[in-house]
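One chain, subunit A, appears in both complexes that follow, with subunit B as partner in the first and subunit C in the second.
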Partner chain A sequence: MLLRYTLRRLLITVPLLLGISVLTFGILHLAPGSPVQSETAMNPRMSAESIRTLRELYGMDKPLHEQYLAWLRRLAHFDFGNSFKDQRPVIDKVMDALPATLLLNLPTLIFAFGIGIPLGIFSAARPGTKTEKLLTGFSFIAWSMPAFWLALMLQLLGGVWLGILPISGFSSMGSLDLGIWQKGLDIGWHLVLPLVVSSFGSWAVVSRYMRNSVVETLGQDYIRTAYAKGLDDRQVLLRHAMPNALLPQITQVGLAIGGLIGGSVIVETIFAWPGMGRLAWEAATGYDYPVLMGVAFMGAILTVFGNLAADLAYAALDPRIRY
Partner chain B sequence: MRSFRIGALLGALALLGACQRHKYDFDHIVDKDTIAEGGTLVMAENADASKLNPVVIGDATSRDVCDLIFNGLVRPDRRRVDYEGDLASSWEFKDQGKTVVFHLRKGIRWHDGVAFSSKDVEFTWRLIMDPKTATAAKSDFDMVQSIDTPDDLTVRVHYKKPYAPALNAWIIGIVPKHLLEHENDINKSSFNRNPIGTGPYKFIKWQDKQFIQLEANPDYYEGKPHIQRYVMKIIPDESTTLMELKAGSVDLAGLSPDQFSRQTDGADFKRVAAKYHFPGMRNYAYMGFNLKHKPFDDPKIRWALSYAVDRKALIDGVLLGYGKPISGPYVPVMKSYNPEVTPVPCDLTRSAQLLDQAGWKMGPAGVRQKDGKDLAFRLLIPQGDFGKRIVLILQQQFAKVGVKANIETYEWSLFLSNYVNKRDFDALTMMWQFDLDPDQYAIWHSSQTGPEEQNFIGYNNPEVDRLMEQGRTTIDPKKRIALYRRFHAIIAKDQPYLFLFAPDSLSGVSRKFQGMTFTDVGYRRFWYKDWYIPASLQK
Partner chain C sequence: MRPWILGYATDMRGFLRSKRARWSALGLLFLALLALAAPWLAPKDPDLIDLPRRLLGPGSGSWLGTDALGRDLAARMLYGARISLGVGTLAVAMMTLIGILMGTLAGHYRGWVDMVITRAIDILLCIPTFYLILALIVLLGPGIMNVVVVLALTGWTETARLVRAEVLSLRDREFILSARAAGASSSRVMFRHLIPNALGPVYVSAAFGVAGAILLETGLSFLGLGVQPPTSSWGNILEEGRQNISTAWWLTVFPGLAILVTMLLVNSLGESVRRYFDSRSLDGRHG
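On to the complex of A and B.
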């Protein structure tokens, strides 16, 4: 049964991804402006001939549907095309940016769930206490703290006043000559501030979801049954309430997987972090269609499969769910 | 116990920080006057480069890096007002300006050791003219009929007719024939990411979105630069850049007026860096009238608006005072700027008089009217804080004389395609950016008013047309300057634009550099020839 379900879901994925790609492509090309215009406008030295050459180079002299089909044909060979900006293959650019983003997003994700879930359980188990109120208040503050402000303060403190942390960038200037361990240490050192900023507050949402879901579970009949059996608070909470309350979190994790490769533009820009957020942002503002299509499409694939994985995990973990 | 440990940790951090902070004492550099080789200059740029090839179209960052890797035949001099020889040691105009003969320097080698020759120059020209090459330089060479190379060190360029801006085109970096002649698509060539040039620095490494690293060329024809490494670090955010400068991890960066006036006076900045303020060379801001629209076809109305503008208040408001008012289409440090023409003063009485004379009488709502119509117009700007601040101040200043400006803001490409190119505006505010040559044919000549052309305001003055044409064919530099100064005076009289201001150039530089040479327009030109880092300060 599960196998058939998985196959069916995988088959649906194909038209879904096609639809996403048509939409993305359409929206991009319907937006005013073009890469040619952004490179040539208001330049008194640009001749009409050069503009034509550029249009041909970018394949923009062809009708829209042909451009899309050409893109699709290349995609069938796992070729995302070349960036308009520097003519490098899109896949190379993504592979350059992906490690930096994963390095930042994976720990952030782990922090978000690793801190958020215990905090949520704690708040649910001790409703109305001072600690719970304090935690709730703090999680609201953390969630609403603007990332750019926090980043600037930390850069000022750690980088300028104390002078111990790198302010921005992925590695030190001289790090090309370092050994592999020193290189790793150097990158880790550069990771400190961006990681603090991007995970600050990320747990807040998770802890709120978790708290609600535990509170809801605690009102169920089987919890009363558990108490009636004579179990204490701790056993009821950990053995009976928690596993059930955790189920909805699977959806959250599934969605977060799609977000893993989409870096945060703000954090990456402030810290000059060479990740996917900046890649996509710069491609969007520079009309670099191939890069933008590539990033959007890879994001779509991950989101679709993240959701699929979440649904399958549900089936495996919750005996009530059958496909 | 616990609080003690945290206290100890903070103490250790502070101590570490203190050590770091006082690593260098810039006030007492013992070996200040001893020229030393080595060290690194880290320059901050806000965007990554695209192609490190001077021939194919690239962005501003690419051009900055290419300037260090490649040489042109000529280059702007230290003050950026005249040309001097670069790969060419001298040149002469022949046949009444129809031919330019360049004499190349002896013994110049490409970074890979191959000898540079006149064949490379001819090849670069052919590459630019190749229809398959995507380049912005083609129009610079439109006038070239042919090029021949009688020997390895002589290049003869034949023009279709005498062409005075000829030298300007040859600032472009020359690329190596031996590496590129068999390239079938220069736009996608791997050379663009691994450039080989003749310049003071050699390309070493380019890490996407992080940095570009160059190293001093030991065989550079003007001598090896003292500073061994040049790193261009890409930092998109300007606050981050300033903090890197304060922390000493960036050595050279541009500053915004706000940073210059408010965030760089503290000890944390002065400890490591110095800030400099020089007149801008590159651009000016203006408000252009659509001369085909009423009432701006009437010079009186244009003058009335010009008198209504308080340029000093505008510069204070937009640039915190770091800019110069201008009187015409050049920036004041350029030779072609006519010093006898003064910027239009703010004179509200004169402005009101002119409007009254034209029949626009003050209406009940504080807006002037004529035949029951308000004196209101659509003032368009492309999206962005800078332009927005300019037009908001202009709007207030116009309101004082009873003129209503309705501001419309559009995204850049929409602004161009739907409004500028369709001439759908009464007035617009933008900036012009230019290079050394005073030629502005494309902006003011009456033949340049087609849909995507630059004379979008529809300016048409036969005398200016003639001056623009003469300017292109007059070879004698003195006569040529006189023509452009005359053009400046005529434009100032016509007021087809309100010429507003030229922003100053503001920057911060690490105090570790010695040997800096200053002119009235800056200090960065040819830094690689003079600057050095005392040995005690090299990391």
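On to the complex of A and C.
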């Protein structure tokens, strides 16, 4: 049965991917060489040659539907053309940036949910206590905190004033000569500040969501039954309420992926972290359309499959779902 | 007869009864007044370059210090408040209008209209929002109005989903059926009966939306893709501060604090709006 659900769920992604291809096609179609040319003609960074390359690249002399089909064929091969800046294939640049993005975002996910979930459980189990109020106040501030300012403040505090943490980059100068362990340690040390910044706001979101979920679960009939048979608070909370309260978090993980990938533009730019976010920013400031659309498309693919994986996990874990 | 436009005026009596709502509304009003009164309050012209007085700390002849070109930080922040608060509010107003329209069309007509709009929303939600914003900004070019337009074009989906759900639950209620039976046209049903009654969740999402929009504007301006210097926004003041972070802490601390305080106030107001509507729907208004 799960197989049928998986197939059906996979089918839904087809129109989504097609839609994304239409949208990226539309944006590229409006790029220089078309209606907005007068705008970009003023831009000295967009040379006549690169406009011509773009026109040829996307076959803009052909009819619209042929152009779109050509674009679709290229997308199927992950061929986004070459970067305007250094003529390297876009897919190579994206693939070079992907590991750094994953290295930042996977621990961020673990951090966000690993800290947010216990906080949420605590707030739900001990409402009205001093600690709970303190935590709620703290997560309200964390939620309102602009990530780029937090990043600057941490750079100021940890890097400039205390001088204990590297404030930017992926590794230290001369780290190529280090052994494999020291290299790993060096990268990990550089990861500290970006990781704190990119997971900071998510703690608040995750813990609030988790608290509501636990509170809702605690109101169910079977919880009363559990109390009635003489279990204490702890057993009811951890054994009976927790599994059901945790389930919706799976969907949240899926949804968080898109936000994280997009959000890492700011974090990666500030910390000079060589991932997809910084690549997107460089492409945007350099009018490098092929790279920008390549990154956006790959980000969308990651999001679509992240959601898919979350939905399938949910279906597999929740016995209440029948197909 | 009661003018129909009054249907849009949601009954907000009792909203200011909560302490949280009063304080956050008061704080935001104060910020808005500061921004509006910038020409009279600002100690100096915000764009006046005064190189001999560059990078002076707070106190020394200017309240919050001066930047790398000797411009007065307090003056730039006051004028920047107009941009940052204005862009945030305007963008949310636009995205809310688009969202209400799309959501109502989808929920009212259903069928293929609904399918097209819902699919469009699903697709927009798949592309990481910030990448989409970057792509559109590059297409339109940076600048104040373009930031507003791009934020509105990428941010309407949540409102549309909320309104669609409300409209779907309203469309078979007696008062809608009787309006139809009385021969009301589709647009009359939508604009006079459906929309005014579907606005509850819109207020909540719009209130939080302002916080999101201000964050995105300041973020974009910080990245050099939003409001362009010399026009000041809290975001581009921060970016200029970053370049002098090791020598002039005040250039990053003060504008960031301004953003944080604004975020706290807006989110706090949003929270009060949500609690207000939650408690009202418990009273059975939607039941």
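As a convention for this text, the second predicted complex is superposed on the first by the 272 of 323 C-alpha atoms of A that agree within 3 Å, B and C clash if a C-alpha of one lies under 4 Å from a C-alpha of the other, contacts with A are read in each partner's own complex, and residues count from 1 in each chain.
Definition applied: contacts are C-beta pairs under 8 Å (C-beta built on N, C-alpha and C of every residue); 3 or more make two chains touch, one makes a residue touch a chain.
Remember, it's a predicted structure, so these values are computed and weren't measured experimentally.
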item: Partner chain in contact with A:I141 - subunit B first, subunit C second, else both or neither; value: second
item: Subunit B versus subunit C as contact partner of A:P248, first or second or both or neither; value: neither
item: Touched partner set for A:N82, first subunit B, second subunit C, both or neither; value: first
item: Partner chain(s) touched by A:L152 [first = subunit B, second = subunit C, both, neither]; value: both
item: Contacts of A:V160 with subunit B and subunit C, given as first, second, both or neither; value: both
item: Partner chain in contact with A:L16 - subunit B first, subunit C second, else both or neither; value: second
item: Which superposed partner A:T269 touches (first subunit B, second subunit C, both, neither); value: both
item: Which superposed partner A:P107 touches (first subunit B, second subunit C, both, neither); value: neither
item: Common interface residues of subunit A - those touching subunit B in one complex and subunit C in the other; value: 39, 152, 155-156, 160, 269-270
item: Residue numbers on subunit B that touch subunit A, as the complex places them; value: 13-14, 16-17, 20-21, 40, 42, 47-51, 57, 131-140, 142, 187-188, 192-193, 205, 207-211, 213, 231, 233-237, 239-240, 243-244, 246-247, 249, 268, 411-414, 416-418, 430, 434, 440, 442-443, 452, 454, 539
item: Subunit A residues touching subunit B - in the complex, by the definition given at the top; value: 32-34, 37-50, 53-54, 57, 82, 85-88, 93, 96-97, 152, 155-156, 159-164, 166-171, 173-174, 176, 269-272, 274, 278-279, 282
item: Touching residues on subunit A, where the partner in the complex is subunit C; value: 15-16, 19-20, 23, 27, 30-31, 36, 39, 140-141, 143-149, 152-153, 155-156, 160, 258-259, 261-263, 265-266, 269-270, 280-281, 284-285, 287, 289, 292-293, 295-296, 299-300, 303-304, 307
item: Touching residues (chain side subunit C, partner subunit A) in the complex; value: 119-120, 122-132, 134-141, 211, 215, 218-219, 222-225, 238, 241-242, 245-246, 249, 252-253, 256, 259-260, 263-264, 267-268
